[in-house]
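Below are two complexes that have chain A in common, paired first with chain B and then with chain C.
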Partner chain A sequence: MGGISLNYLVRRLLVFFLTLWVAATLIFIIPRLAPGDPIAAMVARLSYQAGFVENSNAIIEGWKERFGLNDPVYVQYVRFLGGLLQGDLGYSMARFPATVTELVGRALPWTIGLVGISTVIFFVVGNLCGALLAWKRTPRLAKVVIPMSMIFTSIPPLLAGLLLSYTFAFLLGWFPQSYSYGFGMTPALNLEFILNVIHHGTLPAMAIVLVTFGYWALGMRGMMVTIEGEDYMILAQAKGLKPFYVLYRYMIRNAILPQMTALAVSIGTLVNGVVLVEVIFNYNGMGTLIVTALREQDFGLIQGTAFILITTSALAVLIIDLSYPLIDPRISLEGR
Partner chain B sequence: MSEKRNGSGSRTVLKVEKLRIHYATPQGDVIAVSDISFNLYEGETLGLVGESGCGKSTTAYGILQLVQPPGYIVNGSIEVDGTEVLNLGEEDLRKFRWTGLSLIPQGAMNSLNPTMRVKDQIIDVIESHEGRQRDREALRERIFELFQNVGLPNRIYNMYPHELSGGMKQRVCIAMGVALHPTVVIADEATSALDVVVQRIVAQTLIKVKDEIGVSLIVIGHDMGLLAQIVDRIAVMYAGKMVEIAPVNNVYAKPLHPYTQLLIDSIPSIKERKPLKITEGITHDPRNPPSGCIFRLRCPFAWQHCAEVEPPQIMIEDLHEVACHLYDEQFAERRANALATIANS
Partner chain C sequence: MAEDNNTQDAPVAGGTKEAGFLNRFDNPWLNWKFLSGTGMLGCLFFLIFLGYQLWDTDLALSARAPLNLPPVGFENWRGQEGIPEHPLGTENSGRDMLALWIVGTPRTIFVGVIAATVGMIVGIILGFMAGFLGGTFDDVIRLAVDIAITQPSLLYLIVIQAVLGTVDLLTMALLISLFSWATPTRYIRAQVLSMRESGYVQMARLSGVPVRDIMFREIMPNLLPYLGASYIGNMQGAIISAVGLEVLGFGPQRIPSLGVAIFFAIEAGALFRNMWWWWGIPTITLSVVFVALLLINLGLDEVANPRLRKAN
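Presenting the complex of A and B:
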């Protein structure tokens, strides 16, 4: 019977933290290899706005000292890692004195909500469509309509976002064009606010679902066709089981297993798409935050957002990994 | 060999008449089963043998209404206990399945759903036909009893198929096959993936369960030696045709049809090495079978008449039929010569 041993759990968690460490190190190194000096850039921006900044060199030096950029690299590295361990992602350089943790804390729930809900929708809808495409008893009409709805699959997510935004927000005005909730509303757990959030989230979520579910439908259809030829399918038919029961208990139940693996693998790619969709809808989540950080060369924020995105992706993969024994009895994570 | 319990006076539980099954291909239909007729009597075990591709499995799947596309049933009649199977509507057919005819499948290794516990796969067949079982304890006892019938330990109740050995999986399939006490059970090469010892044990389990529950059994296989141990009658198929059907002792002692003779002759002996004779002659294109007798291209005794007239099934004695012109009384002289040739070889 499937189960997870403590041994496996510990090993798997070690891999998880190793991933985070490697990610943190890369995140630390890459911005330091990039050309440009963020503080000089900031001061330059100030002087551009004010015409002239007195003692600009002194300001640059002061800030460098403040952010610890004059220390040797290894000291900076240790300080960076130590900060991460305490959940301290440092300061945003462009929006000082706001901390990265603060900014991320405000943006992350929106992205997790958006990604989570769209993932559930495209995974369920995609696999259901794929299963129906392969099932012999599906009405002919459905077999014509479902492939037609998959034409969006070949469109990049940002283009789908633009199309939806133009059609449903700009032309028809059914949905708001941007932001995750109405201006002037305070986030609260009441029906009005929740409905407002759903209203704002529909278009971004649709953009993600539309471009994604077709892949899942095609993958599922292929798996279903393979399962159709299995010996146990013939026996299920011979047993005189009810057709709908055979569909979900024999076919979908077995065809879904590789799809779960594919989901774990695709989470990274999914996040890429979400970043672009968020920017198009000016959705105040991680994607918008990351793009702002890049535009402002805000090193602290770039590092922080990237690290948080990697952490959440790794966490999602970890959860799917650990849930394998629950969905496939043949996989046992008990150590030997 | 035990005494046969089935004289011709026994009730017929399965009556197959002129069953014809084709596989559609772009180059025309392949005739897989060609107008086969036979009866199965109550409590009888019938062995269905022949080379690979002779249509024995297709016959079984035809009887079960499970011919997979591009195969289709062209014509024929299949009566189980007086019910014409081919006329059943979809829902009636679903209800008839497993209660009238059940299957012990060919690939027991892959015939169980890998994501369902053993108990759930037996429970689902019971509940689909008898409705939801409220008394779970009684249901459990019923399954334990099935396990006991086929010699399975109760501990596999909660196991998944991958936790069982091949022999155990095959037993689960047998237990499942008889769970609803069907009229006829068809075992499609139920033992071919197992080693000889387990094969023998599983085959004996099959017969024991059959006798206890009182079902009729069709065993499909190509292991003539194993079949000789367990069946009452043997039906020999060649290229979609039934060439001989006879009590098991007759088939081994005095095979009549030239094909049966060659088939018996090709059973490997562990005592001596002997050449394979059946490779002589050519096989035909299954889309265009030869005129007359299906076997004439490979038959050592064929003559002009075999190409002109298709041999009818000739009743030699009680329960023994053969489709060969040699046994037509007007060709008695040829038969005598042929038998002499065999005796000399």
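Presenting the complex of A and C:
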């Protein structure tokens, strides 16, 4: 990591921490901007369900006191930020003894796994397809087949998920329709469980990969076309270097750089898509958790899940940004 | 799809050769991607227009039709057959799917258009000012874009909607537009930066043309294809967000849009009951819209970037 210039590092870290601060502040402000009083609304809902709640005013006051809602807003804000710094996201209102951190901790690994594996697949496959599309020596057949496989590009993962779930889970029954592992299985690190998880994760991952890799192929192809016109390409060919060597060392390695930047930018969109795909497949990750929280009107859990997911994607962006100078030495020299 | 115009082995059958021929020499706007994309959207709008003329759109309200009928020529799980009064079938609260399609499709596109337009206007203003004025203003905008652009907007929208509850489509569009300014800003800023140094802008500067006129009368016309591509991309993003929110149950419930129809279908377990027409018709329609938008986007890219045209 010695190659990263201080300037670059400082700017990336600044963006990272500002992102977290903006996210925390927005999540703090939004419910307070809305008309009405969340506690009163919750008690109203309780009395709607139970018919009648005794001393509802006393309950409202008690809760307000308990959560410090009578303090000035800035005190609440500082307390909220302090809590986040210590990883304290409060309690889930609907499943009371459980803390938000606990519930999120159970869901987050599944989402990270799903997003991580899908990202690796669509990034590698997409860039490879794009490179092959632009390369002069690619067999004709591949140049016909690859664009045809890109027909799903631009369809949102949500819709792809619906179509895949219907075709491969309902009609054909090849893959399970929901959850990340079979009922009655306990998570353990043995072959059976891992295979089961892969079996369950295939369709959700496919829903993301199938509609995403085409974008990367298109971007890669555009970059390759630009590079093909460069002088060093002519030199490389004139030197009589092996075609594969030229493709990898001269073309792909140069063309991949902007793709990495694009990957960092696309993380947000990717997370949006994964949340919805999880809902379709009832995959027990963060997306399903936030939707369950919506159904249960569990506002604390909604806030906590959203914040952690935003933090996670900001962290992913930071990691990509920081690994960028490793593959592009120019960044460390340029200093910004 | 990514195949170039003037090669013969382009994969999409029909039209390729002719469009490639037209395109070979003169008008970059006549590339097959742009034409087929606009053609698909045009057909869709024409069908919707016809639908409004010929079909009773009140049938999109609930309890106007028998429940759970399949499209004509199919059988549902109870063994009922589709009837011509409801050619695309009905769903479980008695809405006619054809009427729902006619009413719902433009509503979904409406959200995309509004959100993309607002985001684009903000993006144009910020992007031009940042790129052209530079200095501290540029630094602030660049930082704001860096922060905003990687955010998973859906999560913020979920938090907002969890507070507001169900909202009408215009509010939803405006909420989405809060998150659709960063990409156009970044894109336009980069383009303006590269154009700022070009000869004709320097010339205009030296001649004492006011900054506003340089921005909007000298640079802007050259950016139009870029702006078009960026706008279409923005629209895709906005529709994706809108459909996402609707599928989570935040859409208008009385007269559904396509995303709301999918929400109802999922809630009612249409996937398990093999009522494919209920979620399938909205899904296919949306997919067609997205593919059309992508084709238009790629076509505009080709107009903006002559290098892509010369590829291969």
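Here is the rule we use: the second predicted complex is superposed on the first by the 281 of 336 C-alpha atoms of A that agree within 3 Å, B and C clash if a C-alpha of one lies under 4 Å from a C-alpha of the other, contacts with A are read in each partner's own complex, and residues count from 1 in each chain.
By definition in this document, a residue touches a chain if its C-beta (ideal position, glycine included) is under 8 Å from a C-beta of that chain, and two chains touch if they have at least 3 such contacts.
Values in this document were obtained by computation on a predicted structure and should not be read as measured data.
Superposition of the two structures on chain A shows chain C fitting alongside chain B with no clash. Once the two complexes are laid over each other on the shared chain, residue contacts for A:Ser5 go to neither chain B nor chain C. In the superposition on chain A, contact of A:Asn57 is made with neither chain B nor chain C. Using the contact criterion defined above for the overlaid structures, shared-chain residue A:Arg249 touches chain B, although it does not reach chain C.
Ranked by how many residues of chain A each touches, chain B and chain C are led by C.
When the two structures are aligned on the shared chain, A:Thr25 is found in touch with neither chain B nor chain C. By the touch criterion defined above, A:Thr261 lies against neither chain B nor chain C after alignment on the C-alpha atoms of chain A. After superposing both complexes on chain A, the closest C-alpha pair between chain B and chain C lies 8 Å apart. Overlap of the chain B and chain C contact sets on chain A: empty, with no shared residue. Chain A makes touch with chain C in their complex at residues 14-15, 18-19, 22-23, 26-27, 30-31, 33-34, 130, 133-134, 140, 143-144, 146-148, 150-151, 153-156, 158-159, 162-163, 165-166, 170, 177, 214, 217-218, 221-222, 225-226, 229, 264-265, 267-269, 271-273, 275-276, 279-280, 290-291, 294, 297, 299, 302-303, 306, 309-310, 313-314, 317.
Chain B contributes residues 64, 66, 68, 93-99, 102-103, 105-107, 109-117, 124-125, 128-129, 158-160, 162-163, 173, 176 to its touches with chain A in the complex.
On the chain A side of its complex with chain B, the touching residues are 1, 230-232, 234-243, 245, 249-250, 253-254, 257, 328-330. Of all residues in chain C, only 1-3, 9-12, 143, 146-147, 149-156, 158-160, 162-164, 236-237, 240-241, 243-244, 247-249, 262, 266, 271-272, 274, 276, 279-280, 283, 286-287, 290-291, 293-294, 298, 305, 307-308, 311-312 touch chain A in the complex they form.
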